[in-house]
Structures are given as structure tokens and as C-alpha cells.
Amino acid sequence: MKIEIINGPNLNLLGAREPGIYGNQGFEAYMKELEKGFPEVSFKFSQSDIEGEIVTLIQAAGVRSDGLIINPGGYTHTSVAIADAVAAIKIPVLEVHISNLLSRENFRHTSLTGRYCRGTIMGLGLDGYRLAVEAILEILK
Amino acid sequence: MKIEIINGPNLNLLGAREPGIYGNQGFEAYMKELEKGFPEVSFKFSQSDIEGEIVTLIQAAGVRSDGLIINPGGYTHTSVAIADAVAAIKIPVLEVHISNLLSRENFRHTSLTGRYCRGTIMGLGLDGYRLAVEAILEILK
Amino acid sequence: MKIEIINGPNLNLLGAREPGIYGNQGFEAYMKELEKGFPEVSFKFSQSDIEGEIVTLIQAAGVRSDGLIINPGGYTHTSVAIADAVAAIKIPVLEVHISNLLSRENFRHTSLTGRYCRGTIMGLGLDGYRLAVEAILEILK
Amino acid sequence: MKIEIINGPNLNLLGAREPGIYGNQGFEAYMKELEKGFPEVSFKFSQSDIEGEIVTLIQAAGVRSDGLIINPGGYTHTSVAIADAVAAIKIPVLEVHISNLLSRENFRHTSLTGRYCRGTIMGLGLDGYRLAVEAILEILK
Amino acid sequence: MKIEIINGPNLNLLGAREPGIYGNQGFEAYMKELEKGFPEVSFKFSQSDIEGEIVTLIQAAGVRSDGLIINPGGYTHTSVAIADAVAAIKIPVLEVHISNLLSRENFRHTSLTGRYCRGTIMGLGLDGYRLAVEAILEILK
Amino acid sequence: MKIEIINGPNLNLLGAREPGIYGNQGFEAYMKELEKGFPEVSFKFSQSDIEGEIVTLIQAAGVRSDGLIINPGGYTHTSVAIADAVAAIKIPVLEVHISNLLSRENFRHTSLTGRYCRGTIMGLGLDGYRLAVEAILEILK
Amino acid sequence: MKIEIINGPNLNLLGAREPGIYGNQGFEAYMKELEKGFPEVSFKFSQSDIEGEIVTLIQAAGVRSDGLIINPGGYTHTSVAIADAVAAIKIPVLEVHISNLLSRENFRHTSLTGRYCRGTIMGLGLDGYRLAVEAILEILK
Amino acid sequence: MKIEIINGPNLNLLGAREPGIYGNQGFEAYMKELEKGFPEVSFKFSQSDIEGEIVTLIQAAGVRSDGLIINPGGYTHTSVAIADAVAAIKIPVLEVHISNLLSRENFRHTSLTGRYCRGTIMGLGLDGYRLAVEAILEILK
Amino acid sequence: MKIEIINGPNLNLLGAREPGIYGNQGFEAYMKELEKGFPEVSFKFSQSDIEGEIVTLIQAAGVRSDGLIINPGGYTHTSVAIADAVAAIKIPVLEVHISNLLSRENFRHTSLTGRYCRGTIMGLGLDGYRLAVEAILEILK
Amino acid sequence: MKIEIINGPNLNLLGAREPGIYGNQGFEAYMKELEKGFPEVSFKFSQSDIEGEIVTLIQAAGVRSDGLIINPGGYTHTSVAIADAVAAIKIPVLEVHISNLLSRENFRHTSLTGRYCRGTIMGLGLDGYRLAVEAILEILK
Amino acid sequence: MKIEIINGPNLNLLGAREPGIYGNQGFEAYMKELEKGFPEVSFKFSQSDIEGEIVTLIQAAGVRSDGLIINPGGYTHTSVAIADAVAAIKIPVLEVHISNLLSRENFRHTSLTGRYCRGTIMGLGLDGYRLAVEAILEILK
Amino acid sequence: MKIEIINGPNLNLLGAREPGIYGNQGFEAYMKELEKGFPEVSFKFSQSDIEGEIVTLIQAAGVRSDGLIINPGGYTHTSVAIADAVAAIKIPVLEVHISNLLSRENFRHTSLTGRYCRGTIMGLGLDGYRLAVEAILEILK
């Protein structure tokens, strides 16, 4: 069972940037926890600040993995290209946001990329990724 | 540990209504599964078609329970009153939607009630409730 | 043949309230005329000021009747919950409005609840209900 | 008793065009049925694809007939000129639409021409015309 | 002289909920003060979380009282039904809001229910109710 | 000196239709007055209910006349085709409206056709045509 | 105790202008009544048609008075400058409108200047000023 | 017969400023021509850059003159205060604009002040004032 | 093989009108070139300034031809009727625009009529028609 | 003669992804056909998922090629940067879309990048590229 | 070399008003520093709360000075009159804002007056004026 | 003292592209001047057409430099990712635009990236960078 996680721009700063909003744990540390929690899953994690690289990563994940979790960061609200990439692949894709976008600025209240995803989990901090893994395992059963 | 679940209008029809969108399992049957899965949690479940009753239920949950899961159904997009009730209580509140609202009609793309919730889980079918319970357990740890 | 009529908020005031807009005949008196006009139909009439009660009534009508006429009053323009209830049942549903909403304030120019109804009759006073009954009889033929 | 019916653009194609939306009966055939159903009424029927001809027809109907039924087709949503023509005459005018415009594309959800009509009947197929005739007869009583 | 006060959803929480916005005095305690201040007035106070119950209460007030004060809470911004109820009665109706809605979220900046009221008093805390009583006494003089 | 006047839909009804808005003098009668007032001008007057005929008339006027006055009636607010025809000719074109569109419904507050005209005169009744003739004479001096 | 009242443009016409909307009592006459009603208060009243003068007057009131009542008239809906002046002073400021702006034209439905005021009283005629004085006395207690 | 002309901000620059848009004749020179053309009229002309002064001038004109011509310049699109002043007086008021606002930037396409005027003349250069005088003479006949 | 071309309003002026935008070749001359270039195609060309005539022409083309090229001119942006006519026929329809609408005024940036066409070619001058013919030939292969 | 083709994100998936919308031929295979069809043209083809790489490619094409065909995929609707790159080069640029964007989701109905292109061809499948080559050859003649 | 600085409403309060946003130095004190920093420049400074006075000041500056710096305060977002005054003069005009308007309320995010200025400097506190002087010196070189 | 400058897409073309808007000096040449003007500053300059690379560069600058100047070019109006990167770092960031965006197309009138910057300088050509350096030096004092 292969599950891939793709994080978008600025999410490499997790743990350092605006801890009031994003918490203070780095993502690499969190990935280790996650891998411990799901020994049956082989994870692949990537992060990119570049919209088009995320498109490429999504396409690749569609071929080589069984499920995909994306957090497109700031591209969530504007990227038709990422949305199209999600629509083009057949494995289940979930969108995760660490903070609750609905309680932040208005321009963060809609998700363009979520339109073609299976579902969205947001506002639950890094734990949202664990829940997304569980959801994918359930879907793939 | 007490977790309360409040479902909004038409969610009593689950399993019967539009199975293409909502699946074909009734909520009561699902509640039994849920209770089995979390023996340490004492669940309380209510459903109401009436916006103001949901307000009253949320207020009550805020006093007597440790966590709350709401699925406000059609009131998600229009109810300032339910949003205010969530803002008025102190326990963690999660919003769950069975279908992915972002891939349905435009008037379903925003959530007014989600603004004061801790987070949202949507598009994952009834499994979204299980994930929400897990999320609350994590928050309350 | 069972046809149900559900009136929304303030429609209990018919005959008393703003006669320039709504005419001066009470609905109960009108129901008697209607029943006389269609002896082959068994009518059931309800009125509620409460959005969620109307949702519940629509669900019930979907099970126990052959056709349904709704006049959601002020909820016409804002109620996703009533729209969802209409979408969830299988009998033909018609929306009736006593006044011509298109010649009143702008916020009355669209109908959210009409989206999932079979059709709409508006502006023809109480006679709109009679026409709706005829339309349902034609549909059910 | 003279009642006039004016159909707008593309309604000459009834019975041939998109039967899923408009049914498969031609309007001329339907007119015969209608005339049989109301022997006391003298009907006059016209169809035009041209917005301004419909304006002229409405003006003429206002002088020579007792009631008018219009289906402005695609002009419903954009024609101030037809709306003005309706406003300029004194006989009762009803608007009929064969399909339920509220469940089609967004640009069909409002009616500019309906603003000055007495009322609207929509979504009930060709039977909407019969109901409109009945409504006019009731108004003229 | 009978004056009625109808409070909407969540206003039962006054004194407990978000004291930074709403102050810390409960409404029942405040009612006692109010009654002391206006011995010539017979007050009737109700609170409901349910939009339709508020509609019903307004209709009843219109028959049995001389003046009415409403604070529709979260329904202020969305309820055509409450607005219609106010329009349907003949006694003077005043709208009161405890906080200044204009300095809160954008969706609170307009009032649909205030459109048919005589006037609005907002931002003055519970004292707004006293002022509304005075205003009604002046109107009824 | 040739000046042409083109009136749009429903303006043939002047004097008969809604005299509160449009006054009670017919246009033909008015034309006679106008011709008397400007003996040095050779007038040509047309009226059409048909948008495209107005386009054709404007094109013709551009070739055979020295100045043009248009009152596009209901097409004022929606006709790109008439606007394009005005843009395509070289003689001065003035737009006249009998009533003050700014004090009527919102959809009459903008003019699409006026964008390529030299100027607009509105709200001054039929006298607006006389003023427009004077303005053209001044321009052509 | 010093309370200042600043009226905006056209409010000098009170009693003369549109009595259906604004009543028929002049403001100077009303000021005398007001002074009689509150002998413990020293009032200062100004009126200006000029937006910037109102800004200056508000700044001055912020220094020399204990409370301020403004009726910015037509500037209510457009003046960032007046709103900024209110935000810049520290005494309590109340906004009063004689008519109910919510039942007039759409462009009167929002208040920009009210955003930084303590509260608003509207629709209660000149009596709104008396109530505002009472409210300020209560605030300053 | 007294006719007053009130010009708004920047119109003192006529003849100097942007001659491509506004022509190259100063207004004082033009006033002399105008007075010659209408010897029976006693003119009064004012110009102010200050919105509130224009309000005051309009009020004064309403008392001392028989007709009023305003060109509110940049205030045309934003001034509720000037619109209210026009609504408050009883003599006929015409709005004149030298350039065709409909062919300039979008924010110049609507007129707030024109809403309560009798009519508007625009795009005809300084000659618009002469036509406005003629129109007022006709109205006052 | 029959291909029909229908041009909308003002396109008869090609070669004369605004050559900066539309070029300076008349359409009849261009048709001769086109016919020479495709000897295997039997062309039929019509032009009309009248929206409804274009509707009628499209209906006729749908019956008698194999492919259709429309340039609805100014009706492109507003005509539901033409869009409906395109939707009602079964042969491939292409929309051609001589100029690049995206670089002109905002109201030209969307096409209502293109929604039901097979495709659009714009900005390539008269050569767009040749390309459209080629495209239809390819589709019909 | 050098013509360059730049495809945007997800267009590498042609032939595999959503064949109902995009057809089932891969782009490389299509390029071979294209080169055969135009032996006099030297083609250069690139594809990138990255917005900024497309900007760089467009700049380079502007220097080294005679014509450019872009299909910016999902960036069509949001990329000011690509639009600016097109505006910055002097060779003719055409935009091609395989599907008819006007009959898909609303957010695909406008093109930001097309604003500075010479023209657009859309809805004609891969054949749109051939037509674009023909158009460029015609322009360069 | 003469450079003029014109400050708008409420900027006289600098140093006293909301120091968190505007800092705590008065403008007169700052002017002295500025004059010391640019001994070769003869400065003229004015402040007015009145929109029209600012218009007049801008016109005067256009004649008597070599460069102009304006901070229109609250008029920035609404004043067509000030924008027109800037457009009417020929010396370089720069707009300065002390705070970063983009990080404040939405209604402060656009500048109408900046449209005809040469440039804008904002968010840099009082130092923005020094930078503006430097910029003007550079432009005038 | 280290100051970093990051230019966005198409800004490598400075001096070559559209000199009417952007001037005719290349940025590298300008950098040399800048370095001469501030010998105490160690500059680092980068340019990228790729949104995500700019994100990465901003993050790096936040760690290694004392101040940052960004000109995000076309990403200014659409990039939440760049805005987030600015919000995530702690050194002062200034936004510079060479042209005055407020006098160009509407879609350039707002800046998303400027929201979290300290300030903005625009419209002053390349000299805007020098002023930004001065502003940063002042901030860092």
C-alpha cells in the first residue's frame, strides 16, 4: 500500500513560521510519527514551492501510488492547473489544510483544488494528515 | 468522555435519499458501528430538521459534553444562528459533510457555520464521523 | 388520489394581512372551495411558520401522498433545507406563490426551493392552488 | 372571449428539438387540443423568432384580445422591450415556460419579461398553456 | 399599555456567552430592572432559537400588544419570514441589537428584518431595550 | 440639411401608453410641430420594434443624412448591435430618452447604446427631440 | 456634562423638506425642547453641509465635550473621512438617523460612518436625538 | 425669470484643462454668450470645488430662482448629499455634463445626483448649458 | 457538401466600417475567394441585422446544410435565442469573430452563443472563415 | 519558417486523461502528423507544467521563432505573467484550446492570456493546432 | 525648486491619533526635519479636512510649484474630484500614505486618486514624504 | 548590511520590452548604479519567472539578509503563495512596481502580495528601487 503526500509552498517552514496558525512541529518530524503509526503503508513525501512541480508530482503519484494527500497551500485558492491534475488521475485524492481556512481572510474561504478531490480535512493541525491516511485506507478497503 | 453528534435537516433520510450522493446506509445503523469502534466514548446523537432546535442542541452540548460533531445539512450555507451557537460554546466543534460540497452546486461551496468550528471533514461519506471522533479524541488528549 | 398542500410562514394570515398583495380570502375558506372542485381528491393541508417543520412535512408527504403543492413563503429565497427535502422525495412537487414575486423587492426575484420542484405557478392569487391541483392530476394521469 | 398566445424564438421547433427538455409534441397539434378543451374561447396563435415582432404582436393583442399568454423563449431573460410592451397594455398577460427554468443554467433563473405580467406558470410542459387559459378565464370572470 | 419583547437565537446565553461582545448581565435580571423603570407598562418577554416560532410570536404580538421590540439575533441578516411577519402587523416594531453590527463581520452589516420595522437601535448594550421602550411610548402618545 | 430620427420599440404607443411616464402626445403630432420649428431641416422619421431593423436604419442614416437622433427604447440597456451600428457611422448621433431613466428601475440606469453616441438628452419629455435637433445644428455649424 | 450634536448636509431643512420622510419640526425648535428635557446637560449644536467641516467639528468635539451625537446625512454612506474622525476621538459617539434608512433606496442601506461609532439609532424621527442623549448619559455614568 | 447655474469641482479650469475632453473656452466667456442669447433671463452663476457648498448653493437656488442647472463634476458619481439637496427643492433642476460620461472610465458611467433631477444633457460641450436653459424655459411655460 | 455562413448585425459594413478593427475587405469579395479555395463545397451565405432572423436562418441551416459558421456580431454577448437555436440543431456549428474580442471592451469578453457551438475562432480577420471551413471539413470526414 | 508550440500543464497527458474531453491521441504522435503536413515549417515543441517556465519559453520563442502557438491549459484563466510575456514579444501568438471552454465550468469561460494574443482557436480538438499553423502562415505571408 | 505637500482629513491629528497605525510624531515637527534635509527645496505645506479645498489647493499647486505630494487621507478611496484635479495639472504628483492600506479594511485597498498620479509610496510612515521628495527631485532632473 | 532584491516574471526584459511602460534601461545596468549609490550595502539580486522559485527565494532572504525588495510582476495580483512567504519571514519587505498599476488595466489595480509587505512604492520607474533601499535603511536604523 503506497500513499503519497504532497505539500505546497511555504509548508517547508512548518514549525518555524507563524506558530499561532500552523503549530510548532516540523513536517519531517511529523512524517516519522506518521510512518510509525501506519507500518503497513509505504509513504512518499514531497514538498514544492512551485505550482507546476506539484502538477507533475500529482501526475506521477497517479501512476505509482494507491492514494494521495495534497496540501496545496496558497495554490489552493487559485490553481486550475493543480485542480486539473487531480481530475486527471484515478487514485483517491484528499486535500488537507492545517488551519481552518474559513476563519481566516476571505480569499482563503474557497478551494479550487478541492473541487475534484474526494474530500477535504481542515483545521485539525498536523493530525489532519493522519486522519487523511485513515480515510484513504478506508476507501481502499 | 462524552461526544455529541447533531445532524441537520434531511439527514434522517440517509440510506434512502439520493444514494448516489449520500450512500445507502442509515445513520442509526452507522451509530452502532461507531459506538463499537470507540468503547471509551459515550455518544449522544440527535437529528433535527429545525434550525433553532439545532441551536438549542448546540448550546446544551456545550454544557454537558466534551466534544461536538455537527452536520448542519442545508443550514451550513445560510445559518448565522448556528454559527453563533458554535461561537458561544467552549468545547471543540467539528463540522462533517458526507458529500464533497465543492463538487456540487455553487450555493454549497461556502460554509457559514464552519467559520467558528475547529475544523471541517467533508466528502468522505459516513466515515467522516469516525474521523471526526478521532480528531476530537486527539484534541482532548 | 391524495394531494397535500404545505404553506409556509405568515400564510396563516391570508385574508387579514396586506390584502393589496395577498387578497382578502382566508386559506381555510379557500380549502373548502378547493375540495368541492375536486371531489376525487383527498386533500391534506398544513401550515407552519417553522422552516424545519416544513422539511419534515415534505418528507412525510413524499411517503403518504401522490402529489405535493408547497408555498414556502419567505423561505422560498433562502432555504437550502427545504430545497433538499423536495429533492429527496419522488412524488411531483409544485411551488405556488400568490403574488408575482418578480414585481416585488429584488430579494424575492429568485427561488431556491423551486430548483428541485417540477414547476412553479405564481401571481395568480389563490387560484394558483387550483391550477396546481389540475397540473398534478395531469402529471399523474 | 378572445385569448391570444404568442410564442418566442425556437418554440416552432417543439416536438423536434431537445425532446428531453421540451417534450415531443408539436405546438400546432397541441393548439387543436386546446381549442377543443375551451370551445367558448376564440384563440389566436402566433410565433416569431424576432424580438421586435413579439413587441408588435403584444401591442396588437392588447387592443384586439381579452387575455394574452406569452412564452418569450430566450428573450425572457434579456428583453426590456418585451417587458415594456407588456407594461403598456391593459389586458391580463401570463408568462408560460415549458421547462422549469430554475433547474437549468444560471442565466435562465431570472425573468425580465415576467416583471410586468400578471403571473407565471413554468415547468409543466405544454399543459402550462391550458392552465394559463384557465387562469385568464378566472381573472376575466 | 402592553409592550412585548422577542429575543432570537442564542440571546438566552446573555451574560454567559462572549462577554466582550455582549456584556455580562443575563436578560431575565435585566427584565426586572426594565419593569421597575416603566411601572405603567405591562411587559411580555419571550425568547426562541427557532425562526418560525419568532414569526408566530410576532403575529401574536401584533394582535395582543401595543408595541413590539425584536432582537432577531442571527436571523437579522437572512430571515425574509421574520421580515414578512413584521410587515404583516400594525403595531410599531423596533429592532434592537446589543452590539454594533457595523463593526463586526461583513455578513452582519445589513439587516433584512429591519426593513419593515419602524426603527433600529444598536450598539448600546442592554440599555438599547430601555431606549426602545421609551421610543415606543413616545410613538404611542 | 437632413436630420433623421429613429425611435425604438413601444415608442409608437406614445400618447396612449403610461401617460404618467411618457406624456400624452403622439409622436406623429409632435413631428409636425418639430418640422414647423425647423423649416431649414428636412426630417426623416422611422420607428421600429425590431432591434436589427434599427441597426439597418442607423446604417442607412449614416449614408444619407447629416445628423441622427435615436431613442432605442428598451434596447438602450442591452443592444451591443445598435451600439456597434452607431460606432460604424460618421455623422453625429444623439440619444434621447423621454423619461429620466435614472429615477426608474435599476436595469434602466445604464445605457450601452449611448457609449458611442455624441451625447444624451433625457428626462425632458418630447422637448428632448427639439433640443437634440438644436444640438446637431450647432455641431454641424 | 457637555454633549455635542453635529448634523450633516440638508438637515438644516428639517421641517421644510420632504415632511413625509423627515417630519415637520425644525431642528432649532427641537433643540429647545431637548435642552429643557436635560437641564443637567450643556448642549452644543452645529450643522454643516461640508464633509470636511464635519470632520473638523468631530475632532473639536473629541477634545471639548463628553459625548457626541452625529447625523452625517448623505455622507453616512460614503465618507471614510468622517469615519476616520470618529475613530480618532475617544468620547462616545452615537449616530442618529431620523428616517429608517433600511426602508429607503438601496444605496442608503449601509453606513460607513457607523462602523466606528458606539451605536446607531434610526427611524425614530427627532426623538432619536433624545434617546441618544439618554444613551450617552447612561454610558458616561 | 431667474435661472441659476452651479458648476462643481475643476470646472473653473475649463478652457485650460484637458481641451481634448472639455474644449478650450473658459466658462466666464461662455456665460456672456449665454446671457446675450437669453435676454429675458436673469442668470446667476456659481462654481465651487466643495461638495457641501454646492449643497448650500442648491438649497439657496431652490428659494430664490425659477430653475437650476447643475454640473456636479466629479461629485456626480458619489454625492448622496447633492442628490438629497436636489430632492429637497421644488424648482426644476437639470444636470449637464460637457463630455459624454458613457465613453469615459467605468466609474463615470452612473450618476447618483441625476436620480432626483428632471433630466440630463451630456456630451454636447458647453452648448449643453444653452440647451438646458431652453429646456427650463419650456418647462416653466 | 453544403456549408452555410451566417453573419450578424453590422457585418455588412465590412471593408467600410472601422477598418482599424475589421480590415478593409468587403465580405462578398471575400466569399468569392473562399468559394475558389474550396471547389468541393457548396456555400450559402446570409447576413441579417435581426436577431430573430438569425435564429430562423440557423434553424433552416440545421435542416438543409452539413455545417454552419456563425458570426453573431453584437448578439454574441446577449442572445439566448441564438444560443438556443444552435443547441437545437445537430450539424456542427462554429463561431467566428474577425477581431480578438478579449482585447476590446469588457462587455465583449464573454460569448453566450459560443456555449453550444463546437468551437470558436477569433482574432484572425476574415481568414477565420477559411479556417472554420477547414475545421468543418475535418469534423465531417 | 520557424513555428513554436508551447503546451501548458497536464497537456502531456493527452490521449490518456479524460478522453471524453480531450480525445485519445497523444501530442507527440500528433506532432509527427503536423510536421508531415507542413514540410516548409520547422517546428519546435515544448511542454511545461510550470507557469514561469512557460513565461521563459515564450520570451525565448519571441527571439528565435517566427510564430508561436500556446495552449496555457489551466493557467489560461489566471496567469498575468504569461499574458505579460505574450505582450512583451513581437511575433504573432495564437492561443489554442482543445475543448470548448465556454461549455465547461464557469471559471473556464474567460481567458486572461488571450488578451494579448492575436487570436484564439478553441473546441476543435487537436485539429486546432493545424488551423493555428495555417493562420500563422497566412499572417506571415 | 518648489515642492508642495497637501495633507487631507484627520492628518492634522498625526502624533495624537491612533499611534499604533500612524506613529507618534506630529507633522509640523516632521516638516522641520524635512526642510533641513532638503535645503535646496522651498516647501509649501497645507492641510485641509475639506475635499473641495484640496481640489483648489491642487489646482493652485499646479500653477505655482514644481512638484506635488498629496496624502488625501479618507478621500483616497472615493474622490473623483481630487482625481480630476490631479489629472488637470501638469507637474508631477505623488501620493503618499503613512500606513500600508493593503493590510487594513477592504474599503481602503483601492485608490481612486492614485490613478492619475505619477506614483504611490505607502506604508513607510512619515519617511514616505522624504522618499517622495527624493523621487520628485529625480523626476525633475 | 545585506539587502536582497527579487524580481518576478518578465522583468528580465527591462529595457527591451514595452519601453513606453517600463523605460529603456536594463536591470543589470541599473544594479551597478544602485551599488555605487549605497557602498555600505551588500546587495543580492535574483530574477525568476517561476512563482514558486520566488517563494523559495523570499524564504532564503528571510534568513540571510536584513531587508528585502520584491517586484512580483504579474504574480502581484494572484499569488497567495508569495504573500504567504512574505508573511512567514521577519525582515522588512517592500514591494516595488516600475509602472503605476492604478493607471493600467483593472486586473492590475489590487495587490495580493502587498498585503503582508511593510510598504509599496510604485510608478517611479527604476528609481523606485533606490527609494526602497533608502526606506529599508531608515527602517533598520
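The first chain written gets the first letter, and so on, giving A, B, C, D, E, F, G, H, I, J, K and L; residue counts start at 1 in each chain.
Everything that follows uses one rule, which is that contacts are C-beta pairs under 8 Å (C-beta built on N, C-alpha and C of every residue); 3 or more make two chains touch, one makes a residue touch a chain.
These figures come from a predicted structure and were not determined experimentally.
S.K.: Taking touch as defined above, what minimum step count separates chain A and chain J?
M.R.: Each step joins two touching chains, and the minimum needed here is 1.
S.K.: Name the pair in F-H, A-J or A-B that forms the same interface as G-H; by residue number, over half of the contact pairs must coincide.
M.R.: Having compared contact pairs by residue number, the answer is A-J.
S.K.: Give me the superposition rotation angle from chain B to chain E, based on Cα atoms, as a multiple of 5 degrees.
M.R.: 120
S.K.: Cα centroid separation between chain B and chain K, in whole Å?
M.R.: About 53 Å separates the centre of chain B from that of chain K.
S.K.: Rounded to a whole Å, what is the gap between the Cα centroids of chain B and chain J?
M.R.: Using C-alpha averages as centres, the distance is 46 Å.
S.K.: Counting in whole Å, what is the centre-to-centre distance of chain C and chain D, each centre being its mean C-alpha position?
M.R.: Centres of chain C and chain D (C-alpha means) sit 23 Å apart.
S.K.: Could you list the positions in chain E whose residues touch two or more of the other chains?
M.R.: 50-53, 78
S.K.: Can you name every pair of chains that touch?
M.R.: Taking the chains two at a time, the touching pairs are A-B, A-J, A-L, B-C, B-E, C-D, C-E, D-F, D-I, E-G, F-H, F-I, G-H, G-K, H-K, I-J, J-L, K-L.
S.K.: Quick check on the complex: what are the chain J residues that touch chain A?
M.R.: Residue list for chain J touching chain A: 8-10, 12-13, 16-18, 48-53, 73-78, 107-108.
S.K.: So in the complex, which bits of chain B are touching chain E?
M.R.: Residues of chain B touching chain E: 50-53, 55-56, 59, 78-85, 87-88, 112.
S.K.: Which residues of chain D touch chain C in their complex?
M.R.: Touching chain C: residues 94, 100, 102-103, 109-111, 114-124, 127-128, 131, 134-135, 138-139 of chain D.
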